[in-house]
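Per-chain residue numbering starts at 1, and chain names A, B and C are given in the order in which the chains are listed.
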Amino acid sequence: MQDLGIEVLFKGNNFIRLLAGLWVSVRLALIAMVFSILLGFLLGMIMTSKNRIVRLICRIYLEIVRIMPQLVLLFLVYFGAAKHLGINISGEIAGVIVFTFWGTAEMGDLVRSALIAVPKHQYESAYSLGLNKTQVYLQIILPQTIRRLLPSAVNLLTRMIKTTSLVVLIGVVEVVKVGKQIIDASRYQNPNAALSIYGVIFLLYFAVCFPISKLSAALEKKLQS
Amino acid sequence: MDLEFISSHIPMYVEAAGLTVRIAIYGIIGALIVGLICSLIKELKLPVLKEIVQIYIELSRNTPLLIQLFFLYFGLPKLGIVLSSKACATAGLIFLGGSYMAEGFRTGIDSVPQIQRESAYSLGLTREQTFFRIILPQAVATSVPVFCANMIFLIKETSVFSAVALADLMYVTKDLIGLYYNTDEALLMLVIAYLIILLPISLVTSWLERRVRYAGFGN
Amino acid sequence: MAETILEVSKLTKSFDGGSAVLNEINFSIKKGEVVVVVGSSGCGKSTFLRCLNFLEQIDSGEILLDGKKIDISAKALPKYREKIGMVFQSYELFPHKTVLENVMLAPLLVQKRNKAEVKAEAEKLLARVGVAEKKDMYPRQLSGGQKQRVAIVRSLIMHPEVLLLDEITAALDPEMVREVLQVVLELAKEGMTMLIVTHEMDFAKAVADRVIFLDQGEIIEEEPPEIFFGEPKTERAKRFLNTFHYEALEDK
């Protein structure tokens, strides 16, 4: 039986360290997600505007997000900001900025399609009851919108978590980096540690994303019935 | 902006972009084949294989490509399976894309009414014949926009290949920034390279999406 | 005495363990015979037809074709279905194929017949039902009546031993019903064996050699049309026929 390097996981607090590393990128995803939801709602409402120029700017923003790989955006912010603003922002901050920039576009598009899916007479009947614009949005339209976009928003969270794995490439110490440290430290005692460490990281991501995907699918089903 | 720096490094970027595009093409074709095989297995409800396909799809969809690549590149050699950077990148992209393409096929297949199958069965067609001759041709028309979106997604995902030491656009950019500190020029060329690769595909996709929505046989 | 083609004994079918949709049906059809199945909606007549082609899994009972029990393995089933033609209410032509391609598909693919010969026969049959000039069009360019005539041809070209017609005029506009039923009447005259589910009582009267009245999953009456429509034996059949009488009155 070949040595799979599994025992390295149970050495010291290695496994806990991996979990802590995973939390770094998951936390990043959660922070970016919160910002994306808030800004996304704003963007979604702006996108339903009748102003052509506003709509054009939104289109360009969405198109940039649609075609630029997130890693390219990370490079732009991480390396670009360092040079031009003269500040060395950390990889984590760069991550929050980029993933919010990306998530807001995705979320905004979801909010927009959910908003236009609300029948027009819902607005009309609310206005005819004497509600003002803010009341109409907060009391009537948004609750219906949220129900509609919840499945895709939850799905966006799994994509966000998967995408934040990229931050290791701009030097953030997260699960992969911790994994590498463990592999390096046990190079002599456990030459096969890479197999189990990367295997476990793979499964950890799965363990986080799979339930969320299932939740999204269940919500989708509930919405359709 | 150092124009001379830019012009002298254009060949480097062209080469890197060529590499990215080549692997993306292999990856997309491979992913379509894997996706087709998965949907065939699901359609024929082949025992065991159908469960394996389901597990594969869940694993592929719920893990990042970057982690898949690390496992392939650094983990598998410990089992005696050594893949080159290119092989690793291609395999990773197919592993990731296969499940997305399978879902794309699924969307189309589900849009074909069950009674079309029954109609083919009652003419004596086998399940394989029904799948390839009746269901698939109708399904693909519906699936095209999903395939296109997946294509863009997969090309974007190729940006992580530098993690397995593939000399792609990101790799070259990072190199130039590290070596010469010509950050602006390197980043500009990076963005332009991706624009050149992805903008046309994105535009064609939007156009196709509008077209396919109204397409139908005999129109 | 003509030979029996299809024989069904004690066929029982229920959906998801509910009450039986079909309860121990015994039935047979002889060569050249036209049997019409009538009954109110939900009585199980369409399910009965679908069971005969194994589009529904049966719970118990036996189906014999030419005296032989049918092997329902995925491999053998297409061989059986090849001999049983079926036409659906919703036509179910293949939308990505032209009329001619729809008709030629199965003879070429399933029966591996000669292409030129199949094409000649397809054109002849299409001409017979009056849609020859539509042969290169796609189904969506055809009217409902034309589609249904093509669907009949698509089954006929397989030279089936029995033709199952499942409410083939139910989705059609009234003015198209006639052109389709005309085709079926001609087939009956030529000696085609057919099992027909329909709501068109006048048509049933004209075409049937025998009428089966199905109610709550059981065969209640089975007799020549003159008797069924003239003096039905059971109260249930009388009530069923009266509903049609009433509807006819209301239409005026």
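Everything that follows uses one rule, which is that contacts are C-beta pairs under 8 Å (C-beta built on N, C-alpha and C of every residue); 3 or more make two chains touch, one makes a residue touch a chain.
Only a predicted model underlies this, so the values are computations on that prediction, with no experimental measurement involved.
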{"item": "Arrangement of touching chains [line / ring / star / complete / other]", "value": "line"}
{"item": "Of all other chains, the one whose Cα centre sits farthest from subunit C", "value": "A"}
{"item": "Chain pair with the higher count of C-beta pairs in contact (A-B, B-C)", "value": "A-B"}
{"item": "Whole-Å gap between the CA centroids of subunit A and subunit C", "value": "56"}
{"item": "Centre distance in Å when subunit B and subunit C are each reduced to the mean of their C-alpha atoms", "value": "46"}
{"item": "Distance from the mean Cα position of subunit B to that of subunit A, given in whole angstrom", "value": "21"}
{"item": "Residues of subunit B touching subunit A in the complex", "value": "58-59, 61-64, 66-68, 70-71, 74-79, 152, 156-160, 162-163, 170, 173-174, 177, 183-184, 187, 190-191, 194-195, 198-199, 202"}
{"item": "Touching residues on subunit B, where the partner in the complex is subunit C", "value": "115-116, 118-127, 129, 133-134, 137-138, 141, 216-219"}
{"item": "Interfacial residue positions of subunit C with respect to subunit B in the complex", "value": "50, 53, 55, 74-75, 77-79, 81-86, 88, 90, 92, 94-97, 105-106, 109-111, 137-141, 154-155, 158"}
{"item": "Subunit B contact footprint on subunit A (complex, rising order)", "value": "2, 4-5, 63, 66-72, 75-76, 79-80, 82-83, 158, 162-163, 165-166, 168-169, 176, 183, 191-192, 194-199, 201-202, 205-206, 209-210, 213"}
